[in-house]
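Following this line, the structures themselves.
The two complexes that follow have chain A in common; it is paired with chain B in the first and with chain C in the second.
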Partner chain A sequence: MGAVTYAVWLALIALSLAAAALALDPHLGGPHRRRWWQGLALASAAVLALSPHVVTFSQQELLVFLTINTLVVVSYRLLALTGEFSLGHVVMMGFGAYASALLSKQFAIPVPLSIILAAGLTGLVAFILAFPLFRMKGFYFLIGSFAAGETIRLLWKAFIGPKGISRIPGVPDIEIGAYEINFWEPVASYYLVLVIAAVSIWILWRIEHSHIGLTFHAVHWRDQLAGAVGVNTWRTRTQALVLASFFAGLAGALLAHYLTTVNPNRFAVHEMVFVLIWVIVGGTATIWGPIIGLVTLTAINEVLLRDIGYDELRPLFYGVLLVLAMLFLPNGLETLPARVVRRFRRARPLTSQG
Partner chain B sequence: MDFGVFLQTCLNATYASSYLALVAVGLVLIFGVMRVVNFAHGELYMAGAYCLFWVFYQNELPFFAGVAVAVLAVAVVGLLLERTMFRPMKDNPLGGLICSIGALLVLQAGAVALFGVRKKSFAGPYNEAVTLFGIDALTISGQRLVVIAFAVILLGALWIFLRRSRFGWALRAVAQDSEAAALQGISISRISMLAMILGAALAGVAGALTATIVPTGPYMGHPVIIGAFIVIIVGGLGSLEGAVLASVLYAFTHTFVTTLFDGTIADITGLVLMLIVLVVRPHGLLGKPERA
Partner chain C sequence: MTFGSIDRRKFIGTSALAGAAAATAVNPGRLRAAETVRIGFLAPLTGGVAAWGLPGLYGCEIWAEQKNAAGGVDIGGTSYNVEIVSYDNEYLPDKARTGAQKLINEDGVSFIEMLGGDTMPAVTPIANRAEMLVSTLLPSDLSPDTPFLVAPAEVHPIYNLTGVWWMAENMPEAKTAVICAQDDALGRPSVATYLAAFEAHGIEVKDTIFFDIATTDFAPVMTAMLAHKPDILCLDTAYAEFVNELCKQAFVQNYGGQIISCTADFYADIIANTSEEFMEGVIFQFPDFDDPALNSEGINFNDPNGFFQVYNERHPGQWGAVSWEYASILDLWLDGAQKAGSIEPAAVLDGMKQGGTGAHAFGEANWWGEELFGIDNALVGNWPVVQIQNGKAVIVEFKNIPEWWGEHSATMIKHFEAMGEMWYQRA
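Our next item is the complex of A and B:
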């Protein structure tokens, strides 16, 4: 892999770490905080816009998957905010993929519409699943969500076929004057997915900082107290699950039309384990945590280790990193820059502000 | 289904319930004492199978030497998991579970590194078919009979150990109420180590005994751990008797549905069974409801 590829990935990691540092430390940057955010946003936009043009074809494809996965991990975090860890999120993603594939292929619904419908249907399924699943908490919810998800996945395998669906229509070409955008190209797909992911993440961010988002935190940390002051904890958890599943379904539908095939094994529990690892290694305190986890681990896994060439041992690295993160960095990689900053600050003499 | 097939399926289900019970009882033992659900338990089973492959097939030593090595080696692996992950994660309810997912990936990659991705099929020493009670339909390979016999003996011995020995009493006391047990002078960390050794060793035995029956591969633990989870939920988390009862129930259901329909439908049936128990009776058939 060329030096440019490494530079792109390092830039992505550095930008997400910087964003987490700013988000976690309200004093960082002092009076110039707003400038820092603006600079960061501009730099991110530049890196994200330019990166597909400087890397190889396979890296362009990787960027598409990375962007789709960003939506998966950020939506997963929304459910994690209520304190519940699900093992069914990737199946929800798969549900969106299957739904959009069937809607566009069997019922000839135009692709952009089928993607939105599929995301909505995924939310609906999550709503139905909430009735049995939110009678459980903690470990029971974890295992219950696994059972529900695996049942759905095996139903696809049994009734749609073990090979899944192929020849799914792609996103149709767009003609703007003389320009023609063809979504067979990874670069065009990358921009499409990037815009959708960015808008979705912005919506998720707004949800978290709204009244609903505050009740998510309340249900996580003090669910009996929240119930006592009039928060319907069941409804709050259901809202989180439905919203998270909606965006997971959206990500799945985008994946299906990009790959033009869906396969039940793509949504098996070992894929779920990767999502869990990205989120836990990155951290869940801010929206940037899961993104840091995803970008860092994908970079090490798909660029560094692929270069070194230990293909079969890559799960070893994921496993070791998960355990190390749990033991030594339980709040995730996102807290790393804040720790470094604090250490530097302590080394300097204290100012009047402390 | 004619009567001969019915008897044959019963026999297969008995075999399936025996190794499943060995794995599930270990899982329950670890959960009871440490409140950790060990996701890597299927990989301990896999490690046991590879121990037998290494000792019995590659080094051509006696079969039971392989079983003994499997017990010791897997118990050591279990002990390592306890010391490096479960003990430091004691205060984090889902921490141990998440660490065990990491351990699962490490053990799988370790098996791939040592033995390769390809599954190994090799014959055991007791492969000739045995006909029980002179009934032709009741024919089973000797190897499977060994598994059934071991499961009955080991689970019986464990039951007596837990009820008759001081260690067993201490272990049950910790499982019931670890704080009260600690106040009585029982060392929680020693009992945790004991539970981990016992639980891991049972998984290792199950793996070693079935290594010549199912193909030994790095991902062979996956269906076993899913079955074991269904069993411990249906039987009731923390209930050893429940785990044995649920192993029998699940193995019979799964084997019969596989024979009548196919494997995928059987998997779905098992998962739906678990979901129903989780919704209707979350403490399982024989478990006690958890105190708030």
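Our next item is the complex of A and C:
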């Protein structure tokens, strides 16, 4: 694989690390902080726009799936802001995939509309699930979300079949004059999911920095105190679950129409474990943390280890990397730039003495 | 797996080339192949289904190494070295799609071998567009929408009927059965086959129990099965680790009747976890290739005993159901390519299906499947019934599937329809 491909992946990791560094340290950049953000946004836009044209064909596919997964991990973090970790998020993604597949295939609803409806239906299911689930907290919520997710997944198996649904219609082609955009091609699909993911992430970022987002934090760290001052903690947690599920459902619907197939095993608990690993390794302090975890581990797992011919040993490397990250970066990779800067600042006086 | 700084595949490839070079030196008449034909291997090499992928890759690598050491394969007057290019799809559709794109567009393969199942629907549109010949071990992937997909080695789950058929002839006292299966694309059509076979041979099925693939505790599954006091425990097409766990539970719960299973991969481990006495007489469908019965006339797999020996030297304890199957598909692909005089996928497909018959590993077979799969892209003929005797898998008889089909096809179709597994019932 060419050096350019690795350069793209390294650039994606570096840009997300830089964004995390800026987000974590409000003093970084000093008076030019705004310019730093603008520069970073421009650089990110350039790398994201150019990357599918310089990587290989299979890497283009990988970029599509990576962008869809970005939506999954960022939406997962929104729920995590309230202090609750769910094991049903991937099933919510699957619900969006199944709903959109059925709406478009069985009821002939146009694909763009079915994608939006599916995301809305996923949010509705999350709202219904909130009634039993938010009678629990912490570990009990974790197990409850797993049970609810497995129930939904087994219902798909029972009523739709273990093979799932195939021959799902794809996103329809667009003709602009003589120019035709064919979403079967990974580059076109990549730009489509990139725009949807970027808008979704912007919405999630706005929510986090709004009054609602502040109550999420309050419920996480001081839920009884928040309740005492009039915050409805059940409603706040439900809002987070519904919003997170809406965007997970959106990601699932995009996946279903790109792959043209869904099956229950794709949304089993072992896939949820990967989401947890991406989020934990990346960190949850900023919106960039889960993205760093996702991009870094995908690059190692799907690009580097495959390229050097270690297909069969990838789960082992994945496990070792997770253990190392937990040992040496317990707050996630997003804290790495700050740690490096701190070490550099501490080392500098010694160097000048020497 | 590395040897110094060289990975295993490079090591095998280098060894093969060294062997070929040595052979050329000894026999100047034998020339090294000038061209290379690449074969894609797109199957699970990691994860829960790896037992039906990785051992097959090992078999293909040995097959390619032997062909290359003999100077390559001659197709249309050109001598080709064979290179196996693998991609681990983890039994996930998105990874399978990425892998198919890589193998076709970047690696330039002429043929792709797959396990099939959950991963096939994501690959089919790509294969159809590229007109790429793809093989599956699961004919339930076949449909009129898959003109470039063939099932030339294993007609899963249809061959499972041969075990029931043999049992009915040789163990007439066994009259009741209970089936358990994982609830997935492998388990369900296999249950339909066993139900049809038991019905055709007058064996009453007391219950069919489906369990999820996330199941880790098989004690309740086995307790529910044994509550019916069956003469036969049918483990269907359970994944290797499930068969192991189910046998352990049957042993712990003092089951003393007959066991029948599609596979008994790594059966030495199962014996170690239970006992030789307990596993004595277990019937399944996949022989060890050191079996003397495979040296008989009509067997088309080249030197099965030698292949088994090399395999076990390289990968001790790794022999399983698929170890020979992917390699035997390569035999059929080569036969098709030689008939066509080309490595072009469409031409090879025509070559493979020429005359409506093919040289299946277990004997001459017919291209078949229209009634069940909507397309005649499955190669069906004889299949062995295997029994564990004194701790060793032994072929007890070859049974002819078309012969059974001629008598009982209506029963099979009835159960496939009831299970929603006919090609026209798939979602």
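Keep this in mind: the second predicted complex is superposed on the first by the 345 of 354 C-alpha atoms of A that agree within 3 Å, B and C clash if a C-alpha of one lies under 4 Å from a C-alpha of the other, contacts with A are read in each partner's own complex, and residues count from 1 in each chain.
By definition in this document, a contact is a pair of C-beta atoms (placed from the backbone, for glycine too) under 8 Å apart; a residue touches a chain by one contact, two chains touch by 3 or more.
All of these numbers come straight from a predicted model, not from anything done at the bench.
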Please tell me, clash or fit, for chain B and chain C sharing chain A in the overlay.
-> clash
After lining up the shared chain so the two structures overlap, which partner does A:Glu312 touch, if you call chain B first and chain C second: first, second, both or neither?
-> both
Looking at the overlay, what does A:Val340 touch: chain B (first), chain C (second), both, or neither?
-> neither
Thinking of the overlay built on chain A, is A:Leu62 touched by chain B (first), by chain C (second), by both, or by neither?
-> second
Partner chain(s) touched by A:Leu154 [first = chain B, second = chain C, both, neither] = both
Which partner does A:Val320 contact after superposing on A: first (chain B), second (chain C), both, neither?
-> first
Using the superposition on chain A described above, determine whether A:Ile143 touches chain B (first), chain C (second), both, or neither.
-> first
Once the shared chain is lined up, is A:Ala41 touching chain B (first), chain C (second), both, or neither of them?
-> neither
Please indicate which partner A:Leu276 is in contact with in the superposed arrangement: first for chain B, second for chain C, both, or neither.
-> first
Which region of chain C runs into chain B, 222-230, 294-302, 330-338 or 366-374, after the two models are superposed?
-> 222-230
Chain C-contacting residues of chain A that also contact chain B | 150, 154, 157, 312-315
Going by the contact rule at the top, pick out the chain C residues touching chain A in the complex.
-> 1, 7, 9-10, 45-47, 50, 54, 86-88, 91-94, 97-99, 101-102, 105-106, 118, 121-122, 124-125, 145, 183-185, 187-188, 212-214, 420, 426-427
Residue ranges of chain B touching chain A (in the complex, touch as defined) = 37, 84-85, 88-89, 92-95, 97-99, 101-106, 108-110, 112-113, 117, 226, 229-230, 233, 262, 264-265, 267-268, 271-272, 274-275, 278-279, 282
In the complex, chain A touches chain B at residues 85, 132, 135-136, 138-140, 142-144, 146-148, 150-151, 154-155, 157-158, 273, 276-277, 280, 312-316, 318-323, 326-327, 330
Give every residue of chain A touching chain C within the complex, in rising order.
-> 56-58, 61-62, 65, 150, 154, 157, 160-167, 184, 186, 255, 259-263, 265-266, 268-270, 302, 306, 308-315
